Structure formats: C-alpha cells, structure tokens
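Shared between the two complexes below is chain A, which has chain B as its partner in the first and chain C in the second.
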Partner chain A sequence: MTVLLTLFDLLLTLTLLGLAVVTLTSHEPRRAVILFIAFGLLLALVWARLRAPDLALAEAAIGAGLSGALMLAAARRASGRKTSAAQSRDAEDAP
Partner chain B sequence: MIRPLEHIVIPIGLIVVGGLLGWSFFLAVTGEAGDRLASVALARVPDSGVSNPVTSVLLNFRAYDTLLELAVLLSALLGIWSLGAAGPGFQPAASILDGMVAGFVPLLILSAGYMLWVGAYAPGGAFQAGALLGAAGVMLALAGHRNAGLPCESRLRLLVALGVFVFAMTGLLLMVLGDGFLTYPPGLAKWLILIIETAATLAIGATLAAAYLGGRPAAHPTSGETA
Partner chain C sequence: MNAFLLAVALVLMAGIAAGLIRVAIGPTPSDRMMAAQLMGTSGIGVILLLAPVLAVPALIDVALIFSLLAAVAVTAFTRRRVTNHGD
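Coming up: the complex of A and B.
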C-alpha cells in the first residue's frame, strides 16, 4: 500500500512539474490558462495528500476554478482587443 | 566590455540570496524540534471558540491577518472597478444550459452555507464558502445574466464592504469594551466568529463574482437579463 502511495506521489509530482513547464512555455494564452487549471486541480490533490483538506478545497475552488475562469475571460478579452486593433489597422491601410 | 552592475553585482547578489535560502532550508530540515508555534496554537484551540484548528488560527489567533486579507480583496475589486464599465456579458445561453444553471446555483448556495457552518469543527470556512458563492455568480454570468445575480451598485457596495466593516467594527467594539482589538471574550468567541465569518462569506462571494464581470456593474441590473 505504501509503495503504491509513494509511486502515486512520485507520479503526481512529476506530472505537476511537467505541467508547470508546459504552462510557462505555452505561447497561446488560452492554452496556458487551460493547462494552469489542470495544474491547480492536481495541486489540490497534492494538498489532500499532505493532509491539508482546507487548502485542497481552497485550491480547487479559488486556485483552479475562479482564477481559471477569470484568466480565461481576460485571455478572451485580450485576444478580442488584439484582433479588433488589427482589423482597424487593416482598415486604415486599405486604399 | 564588463558592466559592473550586470556582470558582477547582480550575480554575486543572487548567489548570496541562494546560499541564504539553502542554508535556512538546511537548518529547517536538520534543526531540533524546539517550541514550534504549531504546538502552542494547538494547545490553545479549545479556548478559541471553535474546534477546527485552521479556523481558530484564521479567525482568532491571527484575526488581524484575515482582516487585512479581506481588505486586499476589497481593494482588488476597487482596482477592477476603476478600469471602467463592465463589458457586455456572454451570449444568452441555450435553454439546456439555463436549466442546468437553475439547478446548480441553488445547490452552490446551499453548499456555501454548509461550508460556512462546518468550518467551526472541520475543514471549511469563510474563504471556501465565499468561493462557492462566487462560483454561483460566475455561472450566472456565463449563462448570460449581465450582473451575475448581483444587486444594483449601491447595494453591491454595501455587500462587498460588509466583511471588512463587520470584522473591524467587532474589533473596535471589543476594544471599547476593554478587551483589546479582536481579543474575543471566551464565552462570546463562538458567536462573534460565526457573525464575522457570515459577513466575510457574503463579501467574498460578492467580490469574486463582481471581479469576474471585469468592471463597474451596469446601472439597471434587470435590463440585460435573459430570464
């Protein structure tokens, strides 16, 4: 049982580190935010394994859920602004 | 060409900071288990009015800290409101999403109430309950409700300031009565903590939902709703 749990912890830690690297190096904001949400959910599992259910609850609800929703909305607005700015520039360039 | 700041001062500074961090980590791992704060706090939990150690630390032993956290949340919302009016909400939802939201929002509010109550003796508390309330608001906003189920601006202002107000007023009242700022008398501690946590939950929920809207709320909250 303990061997299985150790293996699970190891897998969890490696996945978390991998997710962190992929999130930080992702070029597209939307993709980065979705990876960040996955990272937050796995981090909640880590807190649960560390026997801190309070932090696990807060991480899942605030860290992954609400922050993820806020950042998705921000990414959506930012990309909308970028495309509208590009469109207006195109319109100015057009003869 | 060697620029002294970039090539000498900053690397040496980083090495020193790194060495200090490594040294303190080494001390923390190998040091003797002396009088840690945790054991002192755990011993006093029965006096705090609640039996959950986390809540007793957050709302009693380090209540000052929690009050300032609520103030940080409030000032973050003020910063968001200073950006201007909230953008138009999302597209009106299909009826199946509306049906799901109608089922989920009451459940979220119910679980927020449970989370608030259970915080006295088990994992839970104001921040988790407030996050659930905020999630209900985000869900409403995603389903096309322009103001995420929040009241009009004058009432919303009262709501988001409620946590800091009740917390600070309780502290000041206790100070006037001669107990010191946020030093609860043992008999009343449980009820004072419950009152503060209820106000904080409402304020956190409203703040998070209002933050998701991304600007000052519309003047007439009912005008843009799909329901």
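Coming up: the complex of A and C.
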C-alpha cells in the first residue's frame, strides 16, 4: 500500500516536472497553451493527492479550464492577426 | 481492496505519462489537444479511484469539474475565427 502510494507520487512528480520543462521550452503560443492546460490538469491531480479537494476544484476550474480557454482564444487571435497582416494591410482594422 | 484500487490508479497514471509523449512531440495542434483530452479523461479516473483510497469523498466533485473542463477546452479549441470579415 505504502509502496504503491510512493510509486504513484513518484510517477506524478516526474510527469509534472517533464510537462513543466516542455511547456517552458515551447516556442509556439498555441502549443504552449495546450501544454499549460495539461499542466494545470496534472497540478489538480497533485492537489487531490494532497487531500485538498477545494484547491483541486479551483485549479481545475480556474487554472486549467477558464484561463486555458481564454489563452487559447488569445493565441489564435494573435497568430491569425500575424498571418492576415502579412497577406493584407487592413487586417489591423479588424477588432 | 484499497491496494487494488491504488494499483489501477497507478496504471492510469502510467497512461497519462505515456500521453505526455504525444502532447510533447505531436506534429499538429489537434494531436496535442487529443492527447490532452486523453490525459483529462484518465485524470477523472485517477481522481475517482483516489476518493476511496484517501477517504476524501469530496474528490468526486473535483472529477465532475474535470469533465466540465474538458468540454470547455474542446469548445475553445474548435471555435474557428472568421478571417477577413471581423468577428
């Protein structure tokens, strides 16, 4: 039981650290946002493992869900503006 | 019984760790998003298994929020921006 729990903690920590490194070293915004969503998901798992269900709830709802969706929209808008600005001049007038 | 549940959670956790590879090297954003969804689904399973193991029944609500998160993330990902017409 204790060995299994230690193995679980070890696997969770290693996955979280690897995900953090990949997130921080990604260049493209969209890729970084998707990795950030996955990171918030795993962080909520860590809070659940630490017997803090309220923190896990807040992390999953706000940290990964709400800000993940907002940042996905922001990344798409930024990349769309960049490509359309290269194609046409009046892309800056679009709201 | 708890040890068995914990072993199943460990297997699901190994699945999450394997999904991390696809999230990291996925060629297209869709691949990354699908792998992130797989991680979310496995996370729901892990949390539901941790609830009886750690004797924290409130974790079931966290699993509910996890499923809501998956729907919101996919909706934000698949919404297409209308180019050249303004939105």
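Details
In this section, the second predicted complex is superposed on the first by the 88 of 95 C-alpha atoms of A that agree within 3 Å, B and C clash if a C-alpha of one lies under 4 Å from a C-alpha of the other, contacts with A are read in each partner's own complex, and residues count from 1 in each chain.
Going forward, a contact is a pair of C-beta atoms (placed from the backbone, for glycine too) under 8 Å apart; a residue touches a chain by one contact, two chains touch by 3 or more.
Being a predicted model, the structure only gives us computed values, none of them experimental.
By the document's definition of touching, both partners, chain B and chain C, reach A:Ala61. In the superposition on chain A, A:Ala69 contacts both chain B and chain C.
Residue contacts after overlaying the shared chain place A:Leu45 against chain C, while chain B stays out of touching range.
In the superposition on chain A, A:Ala78 makes contact with neither chain B nor chain C.
With both structures placed on the common chain, the touch criterion links A:Arg31 to chain C but leaves chain B unconnected. For chain A, the partner touching the most residues, choosing from chain B and chain C, is C. Looking at the shared chain after the overlay, A:Leu17 reaches neither chain B nor chain C.
Residues 53-54, 57, 61, 65-66, 69-70, 73, 77 of chain A lie in contact with chain B in one complex and with chain C in the other. Those residues of chain C lying in contact with chain A across their complex are 2-3, 6-7, 9-10, 13-14, 16-17, 20, 23-24, 29, 32-33, 35-36, 39-40, 43, 46-47, 50, 54, 56, 58-59, 61-62, 65-66, 68-69, 72-73, 75-77, 79, 81, 83-84, 86-87.
On the side of chain A, the complex with chain C involves touching residues 1, 4-5, 7-8, 11-12, 14-15, 18-19, 22, 30-31, 34-35, 37-38, 41-42, 44-45, 48-49, 51, 53-54, 56-57, 60-61, 64-66, 68-70, 72-73, 76-77, 80, 84, 88, 91, 94-95. For chain B in complex with chain A, the touching residues are 54, 87, 115, 123-125, 127-128, 131-132, 134-135, 138, 142, 208, 211-212, 214.
Touching chain B in their complex are the following residues of chain A: 53-54, 57-58, 61-62, 65-66, 69-70, 73-74, 77.
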